[in-house]
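Next, two complexes with chain A in common: one pairs it with chain B, the other with chain C.
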Partner chain A sequence: MLRYLVRRVPSAVLVLFLASVLIFAIIRLIPGDPATSLAGSDASPEAVAAIRHDLGLDQSVPSQYLSWIGNVLTLDFGQSYSVGGEITSLVADGFGNTVILTLSALLLAILIAAVVGPIWATTRNHWLESAITVVNTISVALPTFVSGVLLVLLLTVIFPVLPSAGIPPDGMFARLDITAQYLVLPALCLALPVSAVLSRFLAETLRTELRQPYVLTATALGVPRRRLLLRYAMRNALPTTVTVIGLQAGSLLGGAVLVEAIFAWPGIGQLIEQAIGRRDYPVVQVLLLLSVFIFVVIQLLTDVVHALLDPRVRIGGAQ
Partner chain B sequence: MTDTVQTPTRPAADAPTAPEQQLPTATPAAATPAAAGPASVTPAEDVAAVATAPRRRRVLLHGRGLFGLLLVGGILLLGLFAPLLTPYGPTEQIPGANLLPASGRHLFGTDEVNRDVLTRALYGIRVDVLVVFVAVPLGALLGTAAGTLAALIRPADVAVQRIFDVILAFPPIILAIGVTAILGAGITPIFVVVVAVEIPYFGRLLRSSILTLRELPFVEAAEAIGASRWWILRRHILPNSAEPLFVQLALSMSIAVFLESAMSFLGIGVRPPEPSLGTIIADAVSDLDTAPMQAVGPLLLVTGFVLGFQLIAQAVGARRRI
Partner chain C sequence: MENNGISRRSLLAGLGAGGALLLAACSSAVDEAGSGASAGPTPKAGGTLKVAIPDDLIPKNLFTNSNTAITALIGLVYESLTRYPNDSIEPKPRLAKSWTASADGLSLTLQLRDDVVFHSGRAFTSKDVEFSIKAYADASWHAQGQLQSTAKAVTSVDTTDPHQAVLHFAHPLGNIFDLLDTVFIIDSETVEDIKTGKGFVGTGPFTFKSWTPNSSLVFEKNPKYWQPGRPYLDGVRIGIVPDTNAIAAQLKSGQVDFAEGVSPRDIEELSKDAKKFNKTTLAGAEQQIYVGTNVTAPALGDVRLRQAIAYAIDRDRIISEVFRGNGYATNLPWPKYSVAYDAEKNKRYAYNQAKAKELVAQIGTLPTIPYTYNTALPVYAATAQIVQANLAAVGIKVELEPVDAATFVKQLIGAEFKGIWTTFHSWAQYTPSTLVVSAYPFNALHNASHFTSDDYTSASQAAWKQPDGRSDAAIAEYAKVSDELLEALFLVEIGVIPFQWVSSTRLSGLSYTKRWELDVTNAYLA
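Our next item is the complex of A and B:
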């Protein structure tokens, strides 16, 4: 396992390094001089030069990169242009909300897939299969913001049973039943495409497994069908399904930007959207790097879990 | 269902790189070349490679393939013939028509600055047409070229692969935000994002396709009788990769429609007053309780467009595994 990690971790670090250089370059490529815009239009050249020195813009580009990445690694993200506060605390606030949202969505998606997948793989009812197929195909195709707007229309406008946007007024953990009311729509909206992809993949993998010779043998030996499906086939379907869960978890962050915009959920996605609108580039920079970091780490974790579940992968990695 | 799934033994076969070889969205309809390749190159099918085109057309003439084709075709026609279908202009302000509900005169109603929402939606389709039929093929071309380069020239392989990894490390919407930070909102960042997102998909597809195919006996045979690299690429590799490429193209088109409308929805895409389905939906959200058709109409168009391309991809992708 250690050898597998030794092989796998450096490539993740390399990708992160290249991405951080790219993100650093993005801010350099933006037209306009941050020092001039900070100082205002009628500032003296000396004042601009002073700000330039404060921001470190008079140093060479590589040393600017080093000091930036050094600060980021020590979680000192600098000051926000527009809000004026510490970016670190802004990010910390948003990050918690986003984690709550994406984890609930992922959990919901896995739950849905765990129920729909096996039913879909084994049903002999033509109508049920067609119904699942149609719903599944539409769920995959439905863009997040489309399902979001439809959910708002259905459950807050036509049948006003749920709050349409925002977070619980008394905080996330004050009353869990109220939190659930605020959470269910955004989480469902975010979970829908993921659950559709997962159920389809699980059903397909289970079907392939159920055609394997060992299933035939087990059937002949009298293993009950339910046990065959849930113990034998499911166990073999798990490693690849975990990979797909990981890939989908990585995509949740992109979806969260849209979902948070629709449901006014004050997370990372909303922060980055506001930062772009206000041209608050230090915030954009940090959030871009953060999302790439999360994505790469999730991929790494996925591969590690896959290797743990499937010995063939880690033995292959050791060779 | 008949979509591609890697058999669980496969990740073991190509060891730790297996997760990387899966398409990053993990859309199951995407034919991964590792799974699809071997099935496609039975000798009989290679001989019958010429017959591929007619059969592909047939698969789009019934079932979900036909439905997808009709959806995409219908929406394309609506966009192209927008000037004939509506008496108004996309930015024309109609006197006295403020926030009208849906009616016979204005099927989707009118917005808060007296514009006909149906007209704007129809003209909004045109941006997607541009993105789908210009940006996606461009990204496919660049990706295919990069993938071929990676597969054929060993030193280039590592560099190209890492570039793909870096692009894939950015979730598309996050990438869109980064690109907009440099270029500002507009149609240009949409193009850049769609092209950039497509490159690694097509690159990986073609790279693994070439690596799989060139181990097969008929390619070896062609090498043995002295065929040139270029000839083998043209005669054997590309025809045998055509179908997964076509599936990926259809999928990428659905992703492109999604990206355009999502970026415009977030306000980092098409700039008002130019119409785009995404901006219309974003504008309509605040009036959901009084004028729901303003949002629902464009929503149906976006969904139909995305769904249509996915159904085409599924139909073509499913056929090759029967």
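Our next item is the complex of A and C:
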């Protein structure tokens, strides 16, 4: 297993390097200028030039990149142009909130898929199947900025049972019951499309498994249907489902950008959105690179879990 | 036959239990937001005001009043030496009790309050006046205050007496009280903390407690505040909510009692429910929406085309449809209460498509003109679309070029617009000379229109250097500036638009300054 893991590391490092170059270049291709954003609409050209010098933006782009990546490699992420503080503390605060949100959403999505997938795969009730299909299609088709607004309208304005946005005033861990209420809407909004994808994938995989000869044999031998489904078919469906969960976890990180904006959830998504708006290059660069890093790690972990669940993967890989 | 898996009964029971748990858990967070009772006429002490705003703090931009976080923080934590009433430019005492101007207009003696202390406990003195005025024009801040030309014209401050500050000027400053109204007094001992956002120490009614970037700002009552019995509130908690729909939802759900950044349509909708919401129109703290022109762009160098644009724009329609009737049409920047306001001059370019067509016919063939607007606010797009239709109707074809806020500001400061543009400007609510020496679009020496004129420059400087900004002589100079603006027409004014705020009826006593700063010194909750 260790050898399998070591073989995967170089490609991960290469992905991170290429991502750092792309991120650095792309943010600079966006029209606008951090110096003018900071200077405000009544600034003189001299004031803007002074800010550019102060921020090191008057150096060549390769020189700026080398300086930045050198600092990143020593875990010095620099300072935010607009906020003024250390990016490390900014990211730590935002990252913690995003992790709480995305993990909650992922767990919610897995929970929904774990319930809906088997029911969908095995139900013979036409109406139930149709209902699941409709809800599932809507969950995938609705963009999060639409489902988010609808959820807010329904559960905070028409039926005001949940807070519409923000995080608990006394912090995330002061009262978990309050935190849970603030989490419900953004987590549900983020989880809906992912749960729909997972449910459909799990249902299809289970249907395929249930058509396998071993299921027929087991049924003939009198193995209960529930045991067949949960112990055998589900177990065989898990490796590929875990891979899809890994991929969807990446999309959750991307989706968090919008959801955090809609629900004023102060995570890295909202931080990225604000930083891009202000052309706060150091913050955008670090956050995007961190997102890529997380995605790479998730993929690595997914592959490891896949290999643990299915020995053919690591053996095939070794050969 | 064996059951397929989870029974319908257990599924429904599970869902029901989950729903019940959810509803049971949900009640408390919403209940904690507060009751729905309206505030009575008798002020009541206590409580924390919950506020939602769309912007986060940019500490180094503190002097610019450039976003809602900054204006809220200044209004809560800091105070200025004098303060204008909202409907005039007659200064009233604040940290300065009284003042005397010299006959030649080259100095101003301010008597300061002797009962004021900073939140740190240090006494406020004349040295703080000197420090604050110098800091306002200090280049080490990323964005300097818009009145820096006036601040730089204050050559020295005599601080011999700790309770008296004597300001000396390079030349008479007709807008000196604009500066004294705008510059807030900061604590020299903690000024570095401002730049990093670690601390904000002033003399105002609330002390700064914490700032969580991207999330919240928290303030507590200043127990040493110089106004006895104020403030009523124990604190103010501001949530940063970038999405305007989310802000409106927070107000509707009672999660906050006051919000800035609500769209005109939401304000109109919310204010229909007078039992729950109050609308505050910030009269005296207006902005002006305008169409700027690059006078060096093809065809726009011809003043007849700029006049045709001015005649073609249906200002009343824009005020009515885009701003939901909040504001009024204008040809000049001055609001109606301004000493420079002239009703007759303001009709010069009244909506007249026939005249516009006539001017277009005189010019001949016109190129398509790029029309840039900022996508940050929906009102810019809506205004640009109406202007585009108005211009098309008289034969002027424009192509809309939406850009984000950062790109727009870059093009504005760099004078990079290829044709025309739309945005707001401010500072016309102050002494008229402030507009022409401080607001970038009007700056005679350098502006986004590439407009230069000796007559306009001399008129602007003469207005600025009047000893008394409200005197008849000053008003005569403002009239010359108005004539120059109408003749050159490098900026085509559309209308005067006051900001609007929405608050729940639980909140009373909400106020503001001419710079849109939040003033809750006298505010209280039900």
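Everything that follows uses one rule, which is that the second predicted complex is superposed on the first by the 274 of 319 C-alpha atoms of A that agree within 3 Å, B and C clash if a C-alpha of one lies under 4 Å from a C-alpha of the other, contacts with A are read in each partner's own complex, and residues count from 1 in each chain.
In this text, a contact is a pair of C-beta atoms (placed from the backbone, for glycine too) under 8 Å apart; a residue touches a chain by one contact, two chains touch by 3 or more.
Source: prediction; values computed, not measured.
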| item | value |
| --- | --- |
| Which superposed partner A:Ala261 touches (first chain B, second chain C, both, neither) | both |
| Chain B versus chain C as contact partner of A:Ala43, first or second or both or neither | second |
| Chain B versus chain C as contact partner of A:Val161, first or second or both or neither | second |
| Contacts of A:Val149 with chain B and chain C, given as first, second, both or neither | both |
| Which of chain B and chain C A:Gln274 touches, first, second, both or neither | second |
| Shared contact residues on chain A - chain B and chain C | 149, 152-153, 157, 261-262, 273, 277 |
| Complex contact set, residues of chain A against chain C | 31-34, 36-45, 47-48, 50-51, 54, 80, 82-85, 90, 93-94, 115, 118-119, 122-124, 149, 152-153, 156-157, 160-169, 177-178, 180-182, 184, 224-226, 229-230, 261-264, 266, 270-271, 273-274, 277-279 |
| Chain B partner contacts - residues on chain A that touch it in the complex | 4, 7-8, 11, 14-16, 18-19, 22-23, 26-27, 29-30, 120, 133, 137-138, 140-146, 149-150, 152-153, 157, 197, 200-201, 203-205, 208-209, 236-237, 239-240, 243-244, 246-248, 250-251, 253-255, 257-258, 261-262, 272-273, 276-277, 281, 284, 288, 291-292, 295-296, 299, 302-303, 306-307, 310, 312-313, 316-317, 319 |
| Chain C to chain A touching residues, read off their complex | 2-6, 11, 14, 22-23, 25-30, 32-33, 52, 56-61, 64, 66, 139, 142-144, 146, 195-197, 212-216, 237, 239-243, 245-246, 249-250, 252-255, 403-407, 409-410, 412-414, 423, 438-440, 446 |
| Complex contact set, residues of chain B against chain A | 1, 3, 5-8, 11-12, 15-16, 18-19, 22, 24-29, 64, 162, 165-166, 169-174, 177-178, 180-182, 254, 258, 261-262, 265-268, 278, 281, 284-285, 288-289, 292, 295-296, 299, 302-303, 306-307, 310-311, 314 |
